[in-house]
Amino acid sequence: MSYLLHLLIFFQIYVIVAMSLNLLIGYGGLLQIAHAAYFGIGAYAAALLWTKLGIGFVPGLMGAAAMAAVLSLLVSLPSWRFRGDYFVMISLAVQVVLYSLMYNWMDVTNGPYGITAIPRPAFSGSTSAIQWEIFAIYAIIVLLLACVLAAAKHSPFGRSLQAMRDDELAARSLGIPVRRLKVEAFLLASALVGVAGGLYAAYVGYIDPTSFTLDESILMLSMVIVGGTGNVRGPLIGAAVLIAIPEILRFLSLPDAVAANVRLLAYGLLLILMMHWRPQGLAGRYRFE
Amino acid sequence: MEAVAKNMFEIEGARLAGGSSSWAVRTMDLRLAFGGNRVLDGLRLTLRAGEAVLLRGENGSGKTTLLNVLSGLIRPDAGSVVLYLKGRDRDVARSSPEQLACCGLGRLWQDIRLFPTMTVLDNVLAASPELLNRTALAGIVFWPLVRRQERAARERALHNLALVGMEDRAGSSADMLSVGQMKRVALARLLQSEADFWLLDEPLAGLDQESASGLLKLLEKLNNGHGKTMLIVEHQHERMAPICARTCFLADGRLHAETPA
Amino acid sequence: MVLPRIKWHANCLSPHEKINRRKKTLQILLNGLIQGALFALMGLAFSLVYSTTRVLHVALGAIYALAPYILLASLNAGLGWGGSLILAIGFAVLAGMLCEEILHWPFLRRGAPPEVHLIGSLGMFLVLVQVIAILWGNDVQVLRNGVDTVYSFGDLRLTRAQVLGGAGAVTVISSFFLWLRRTELGMQFRAMADNPVLLSLLGRDVRKLRRLVFGMSAGLVALASLGSAYDTGFDPHGGLDAVLVGIVATIVGGRGSLAGAVLAGLLLGVIRSEVVLFASARWEQAATFAILALILFFRPQGLFGRMLRLEERA
């Protein structure tokens, strides 16, 4: 039971990651591979705010969102004039830079040693939450963020974003401000994944840079690609698959040293297969056309 | 004095006398060269407000290039393009497509370019200028307010769809329509964007006789009844000429023989 | 965070310090140029694929990681340096062509959009890197033991790795450009870089050319990788920085410009060395990104690229 809750909590965290990436890729057509870096920025920001400044759980999450959102400008501003290719390349560069900051800036992030003893959300009795309480709290947060995203998608912003995705040129000639849209979409998606990072830090209690590499970004991408883009079901299925694969691999009883590599290998293969067989994902609505 | 002024500076006089409502578009000395080929060579074009002008020319004479320059997709090497729309006049020769849209310019593309994953209604709604400045944050935080504005825009969109005869397909996905239907929706989209100067690129292309007649009637209605200024590139000029005030020929990088229809 | 106090002004220095600084500056410059030569190889490789096929060949990073492992394995098998080099480069070339055969050519045939090519390449990157890690482990390995031989040229010092790497890179790059200008095949390459679509319409054997492109870029990357591996060692994840360098060199050098990517690579090498000297190694990546951002803001077409007039620019 406790193991099931453990998986479900991870599912909750990854649902936020998938939903936010889906906003960018599925609704905005903005493919990028820096999501894990922003996940990490959120995790580090929240962890530092909680451990070094002792602020509350929710303010820490908000700080994480803000930090990730501001740093998203590193990708959206240099690339707002350009189309897809440059966007991706710049996001790759940002992923590498942010990771290198997390790894090398010992004074702030403690480098490869990471940050330990990250507190869980505490109730007024100052007992930190137990597992099912975490599950409940996170569920509320997930629902809240899902509502935020739904509001965004059904607003004029969401419509303009889809228009931009479908035909950027036609959208521009109707007056749709594509540059501003890209920046906004990025701000929103990064803020959300920053919150997910904070939730991850609080649950796991210890973070280090190795959880936020390019490989993880590709993994997050594969969540959205496999699950499907452009609708609500896709990210849910993608997150579920992401959780399921390591569990399935567990049955193969691989030696520990190799298990992580095999997991990533499986995702890589999955990406290649999906591109050949079903680019719109298992449950998606939008094909890259 | 005034008579002399009128004769010598007829154009300027008319502009000053009639205000900016007399003229819609004027290009002066437009030049553009690709490699050694001078596609536009001192081109001058004037359109009065509410005029529909047919643009003809040989294949490769540069009609589409002219449209692209007017749409802000290509920068001319020299010259100016002045729009007298929305109560102001400004030189838009070096503006971006977004800026041009705000100035009241709209384009009907040759390949139509509807948004294929969106419904017909959403396609039209996407062009609403009153909604374009709603940022994402506003959409989330001021949700009820934005919904109200959207409802007003929706009314307008349905009205525009009714004008073009597509209101009963408002909920259909845009990629399920015939070519004629798509062109009508594109026109509704232009209406929604409140553009006053329309660039129409081969509007009758790909249409059967019946649809083409219908579209012609619609264009005439929009030109006369709604006062939309139009520059139309069309190969089927015999059908298009009757609804146009005059015809221009593009050759050697300039406009020639502006014959009254 | 503290930046080291930087003695900018020459008046702060004693005569002895001045001479030392000159020597040091020259040394750093030379180090930067040699590192830049390897970067130039990366830039050339990446730009070669991007200009001709518009594919973002991220999997090149995995091929970069693969080459030293093949070399080491073959050395351990007793094959000697000559044979091992050929084997390592050969494997890389095959891996490059494999990417084309199982990913990019089928995708092209289907008319897939660029996103599909990229995601496929990312998947391949992941797969190859993990295979390397599974076969040989995640730790850093070396091609030679102990301290490298150092050659002195007056006041300047170069290790053998630097000499080999630098000389090798210069030779290969010059030969490549000679080939590009002088041969029939080279001319077709250049035509493809200028206008890939046009070339396929002309009916030239695009498939053969593409295979060549993927094979050659892999070979170039392998050389860069071996040069670096001989100097400082290698691990399965070293390809990432290499890809980044390749990408930045391509963008900074300019759209469609192979020579631009080479020069940009050299520039990157020099600037990064200066950054390591004046600030510290941790800011190397950030410096790379800063250069990219500056170019994108002030000269988006790159140093030697052409400005696009039309709709390709967003």
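Each chain carries a letter (A, B and C) given by its place in the written order, and its residues are counted from 1.
Convention: a residue touches a chain if its C-beta (ideal position, glycine included) is under 8 Å from a C-beta of that chain, and two chains touch if they have at least 3 such contacts.
Owing to the predicted nature of the structure, the values given are computational and were not obtained by experimental measurement.
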item	value
Central subunit by CA centre of mass proxy	A
Chain separated most widely from subunit A, comparing mean CA positions	B
Averaged-CA centre spacing for the pair subunit C and subunit B, given as whole angstrom	48
For subunit A paired with subunit C, centre-to-centre distance based on mean C-alpha positions, whole Å	30
Distance from the mean Cα position of subunit B to that of subunit A, given in whole angstrom	42
Subunit B: positions in contact with at least two other chains	73
Sites on subunit C at which at least two other chains make contact	311
Touching two or more other chains - residue numbers and ranges from subunit A	169, 178, 289
Partner subunit A, residues of subunit C touching it in the complex	1, 54, 56, 58, 102-103, 106-107, 112-116, 118-120, 122-127, 129-131, 133-134, 137-138, 237, 240-241, 243-244, 247-248, 250-251, 281-282, 284-286, 288-289, 292-293, 296-297, 300, 311-314
Subunit C contact footprint on subunit A (complex, rising order)	31, 33, 74, 78-86, 88-90, 92-94, 96-97, 100-101, 104-105, 107-108, 168-169, 178, 213-215, 218, 221-222, 225, 257-258, 261-262, 264-265, 267-272, 274-276, 279, 288-289
Sites on subunit A touched by subunit B in the complex	148, 151-152, 155-160, 162-163, 165-167, 169-178, 180, 184-185, 187-188, 230, 285-286, 289
Residues of subunit B that touch subunit A when the two form their complex	71-73, 96-98, 100-102, 106-107, 109, 113-118, 122-123, 125-129, 131-140, 143, 146, 150, 189, 193
